[in-house]
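Common to both upcoming complexes is subunit A, partnered first by subunit B, then by subunit C.
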Partner chain A sequence: MHRGHEISADTYSYLSALREWNTTYKVAFSVGALVTVIAADSVGVSAVTLLFMLFLSVGVGKIPARDYFRLMKIPLAFILLGGAAITAQFGSGADSLFRTRFFLTNLYVTQSSLTLGIHVTLKAFSAVSALYLMTLSTPMGEIISVFRKIRVPVLILELMHLIYRYIFILSETNQRQKDSAGSRLGYCDLKTSFRTFSGELANLLVLSMKKAETYYDAMEARGYEGNALFWEETKPLTAGQLLYAGLYLALLLGTFCLIGRRG
Partner chain B sequence: MTTKQKKWIASLAVLSVIVGITPNAYAMHIMEGYLAPRYCIAWGVLCIPFLVTGYLSINKKLKENRKNITLLAMAGAFIFVISSLKIPSVTGSCSHMTGTGLGAILFGPTAVSILGIIVLLFQAILLAHGGLTTLGANTFSMAIAGPLLSYGIFLLCKKLKVNRYVGIFLAAFLGDLFTYCVTSFQLAIAYPSAEGGVMASVGKFLGVFAPTQLPLAVLEGILTVLIMIALKTYATPELNMLKLNMEEK
Partner chain C sequence: MREKILEVDHLSFAYDRDRDTLKDICLAIYQREKIAVLGANGAGKTTFFLNLNGVREPTNGEIRYRGETIVRKNINRLRRNVGIVFQDADSQIIASTVKAEVAFGPLNMKLPREEVEERTLRAVREMKLEDHVMRPPHYLSGGEKKRVSIADILAMDSEVMIFDEPTASLDPVNAQVLEEVLDQIEQKGKTVLLSTHDVDFAYRFAQRVLVFCGGELIGDGTAEEIFRDESLLRKANLKKPVLMQLYDLLKEKGKIGKPGACPKKISDFAALL
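For the complex of A and B:
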């Protein structure tokens, strides 16, 4: 059966060679790098992080490079548009690199706005790559276990576990709805497509409400009394894993030294 | 070529580039790494009162009837799924609904704030839309501001005895637009223009995202109405159940 590529991060998280890494360590590493990138706000740190995360996810984690770059393209539209809005300026436009009349005002690009635009774009890609270190190697259940460790209320954790499972059930149901509607020419033209699409969603809501009741009964039949317990694997933290964080820190330190000497 | 022609060609080129590079227009999630730490924290803190209210109301609903847990989880999954579906469109580009209006009308704005933050977290982790550091800002615009406005307009239209479906359209349409304005504002105060400051920057971000977001808001309104019509026709008992369980008391 053909599946949407939408949930592919989840698939990779089960395939990645980094899956055996200690979960808390992995999440801390990824979030730490993320915070470093946005707090340092420097081109050097962004570039180092981007390359190091590529090395970790593709080199060590064995995510196919083509898939990795395809995933990096997801935020492309937002990053490019946002970058354009930051780079382009309106107004009188004194000492600009490029200037053109734009309706009643001028559209122009200055040296500093161009630098800022490129800088922000690089920073965003770098942050996304740090996020991917976690999402492409850690299944959702394990990420939720980290939330439990930082004392997120049990009710929220339970909702997260259930929502995560139901997402797959609902999107599979919707895929079947789409296939059957498509085979009955439900998407032959735009007007019909709209009717089919909204009908599908309305029907999906009805189905999901029905399922919700069935699932509650199923949970109760298995002894659910208002507190769902989920199994968590314990994964040991090894010296080999720590080595990578050490390497990253050393690279960062090196970058800071270089920046310090130049500044 | 006259200057006027040149100007037109330049504007057309800008427009076609903007329209051309958005083959996958999601709702406006601020990407990971786009906001400086102080904005991440500020927007997160701003969400807290709403989230606490949401948490307490969900907790109360569960105390009343434990069965609501699966119902709430299904509602969350439903919001995630509708926001990840491609809307049929003429141009072949794929856009997605935000689902904020529909969610607020069906499940009520307080439940949507908690479900919204979970859905946004999942979108960041599973789909790479939005991010962990920008979660606060995105939650504020998409799970709090948008749904609250949608729900307010929905109630207002009900009170003013506006046609039910016109009310639903307005709620979804304006909720979507409002989300987009809030996001543009969030981006603008993080990146003010050199000339004209924050307000000029708001204009820029609104302008850049307008070609994708304006049609999307209209589509969202129309689709929400169609979905509500279908629900009214086929699923009145389920709608009543939702009202009983979820709506604010």
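For the complex of A and C:
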């Protein structure tokens, strides 16, 4: 069912132009960039990564820039709050850039705490953007296929597949429950809302258990024998795809050289 | 004589000990048959289908596939050759893209990769789902999901294809498309079994009709025979198809002179008048 109001990160993974990229390469690129950002621990590397990931996801992957920034806004709140907490200090506040009275103590910002704050914020952001490259271009089924390649137990993979599929069924069912409860004044005041909500959840549990049997039957009917096999697309790794990793590495090298010369 | 595919011999099945859901069912299913299974809700149609496919094991009696008695060891032969399209497509679809979903059955049959892909794409084409191959099933409409669930079974290329209430929850256009699909399947030499509450559809579609009531098979015959049996229809809570009622009415009024069987389609009816 189409639900226009609920365009989630999941949708983009099916629309992205990066979808045709070799899955393992894409995941390795994304995780590699993440590790680089954390290990390098430098503002330059973080900034380069952030911009490069923006370029890949929006420029190459053709995800609308507005939507990309909207998705980035979700972690933004957490990261900025965290950054602010690192930047601001309590105490007497000698040698501070900025100081204000705060109840019995002072709230102040020093040169080093400001640097650290910006540093951590940028690092967190570029780490998120590196993972977004993967999330926004790789459907769940393909991410699971990479897990299979690195020998994650089959049982876990199977559960991932089924949970992914049934999350949508569960939320659709709950949406229907909510609509029908709402239409019968189930959410008219706070007390009723609580009662309705608990009823919905209890019902959802019973429903899930009953349905689980049907689902199992349906799987068995198609020859499931305790080992779910899923189709995996083979996506060739092309020189064009490798070019981007090369470009990223070159940019990183450039950044390191600059840092080296300066420091 | 057509080839006998399945033989159901004194089949009984019970979910719990005090009540049999299926009681002593005996019948045979032949190649290229079009069978409609009628009966009220809870009459045992779905359970019967699950037994035919081997997902449920008979409590008593047995099922023979091409003369071979099905036991636990060779149950996969049955599952491979009898496919079920479940009533609710959502309870059947498990994979995260349409292609992976359709490929699930063939993969379980341990076919080589090329053949899995070929069968999958063929089924996808037959169900006109080409535009959705790489889309996840949760962004499809109800009719599209139904088509995916049919493609699932087409890809397995089973000899017998079972449809559990295929027209329920389909709009008229999609129901029409489904009927065309059923005709195509029949032309490929498959046996089709379907359950429905729509007697007009059953009459139009089926050569043979099975009637279930309270877990018993109370009627097994040609569509003409079953729908002429007033007491049977009453017992199973069924109605006579509109076309048949109309035919009888016209005949009574002397508008149809020539004797013959009641036509099954509106076009045949027009030709008769």
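Here is the rule we use: the second predicted complex is superposed on the first by the 254 of 263 C-alpha atoms of A that agree within 3 Å, B and C clash if a C-alpha of one lies under 4 Å from a C-alpha of the other, contacts with A are read in each partner's own complex, and residues count from 1 in each chain.
Everything below uses one rule, namely that a contact is a pair of C-beta atoms (placed from the backbone, for glycine too) under 8 Å apart; a residue touches a chain by one contact, two chains touch by 3 or more.
As the structure is a prediction and not an experimental result, all values here were calculated from the model.
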Partner chain(s) touched by A:223 [first = subunit B, second = subunit C, both, neither]: second
Which superposed partner A:51 touches (first subunit B, second subunit C, both, neither): neither
Touching partner for A:82 - first (subunit B), second (subunit C), both, neither: first
Which partner reaches more residues of subunit A (counting touched residues only), subunit B or subunit C: B
Contacts of A:243 with subunit B and subunit C, given as first, second, both or neither: neither
Touched partner set for A:128, first subunit B, second subunit C, both or neither: first
First, second, both or neither for A:215, with subunit B first and subunit C second: both
Which superposed partner A:140 touches (first subunit B, second subunit C, both, neither): both
First (subunit B), second (subunit C), both or neither touched by A:164: both
Where subunit A meets both subunit C and subunit B, residue numbers: 10, 140, 162, 164, 169, 211, 215, 219
Interface residues, subunit A side, partner subunit B - complex: 4, 6-7, 9-10, 31, 34-35, 37-39, 41, 71, 74-82, 84-86, 88-93, 100-103, 110, 112-113, 116, 120, 123-128, 130-132, 134-135, 140, 143, 153, 155-156, 158-160, 162-164, 166-167, 169-171, 174, 187, 190, 193-199, 201-206, 208-213, 215-216, 219, 226
Of all residues in subunit A, those that touch subunit C in their complex: 1-2, 10-11, 14, 19, 139-141, 161-162, 164-165, 168-169, 172, 211, 214-215, 217-225, 228-233
Subunit A-touching residues of subunit C, taken from the complex the two chains share: 50, 53, 55-56, 76, 79-80, 83-84, 86, 88, 90-97, 99-100, 103-105, 107-109, 116, 120, 134-142, 152-153, 156
Touching residues (chain side subunit B, partner subunit A) in the complex: 3, 7, 10-11, 18, 21-26, 28-37, 40, 55, 58-59, 62, 66-67, 69-78, 80-82, 84-85, 87-90, 106, 114-115, 118-119, 121-122, 124-129, 131-133, 187, 191, 193-196, 200-201, 203-205, 207-209, 222-223, 226-231, 234-235, 238, 241-242
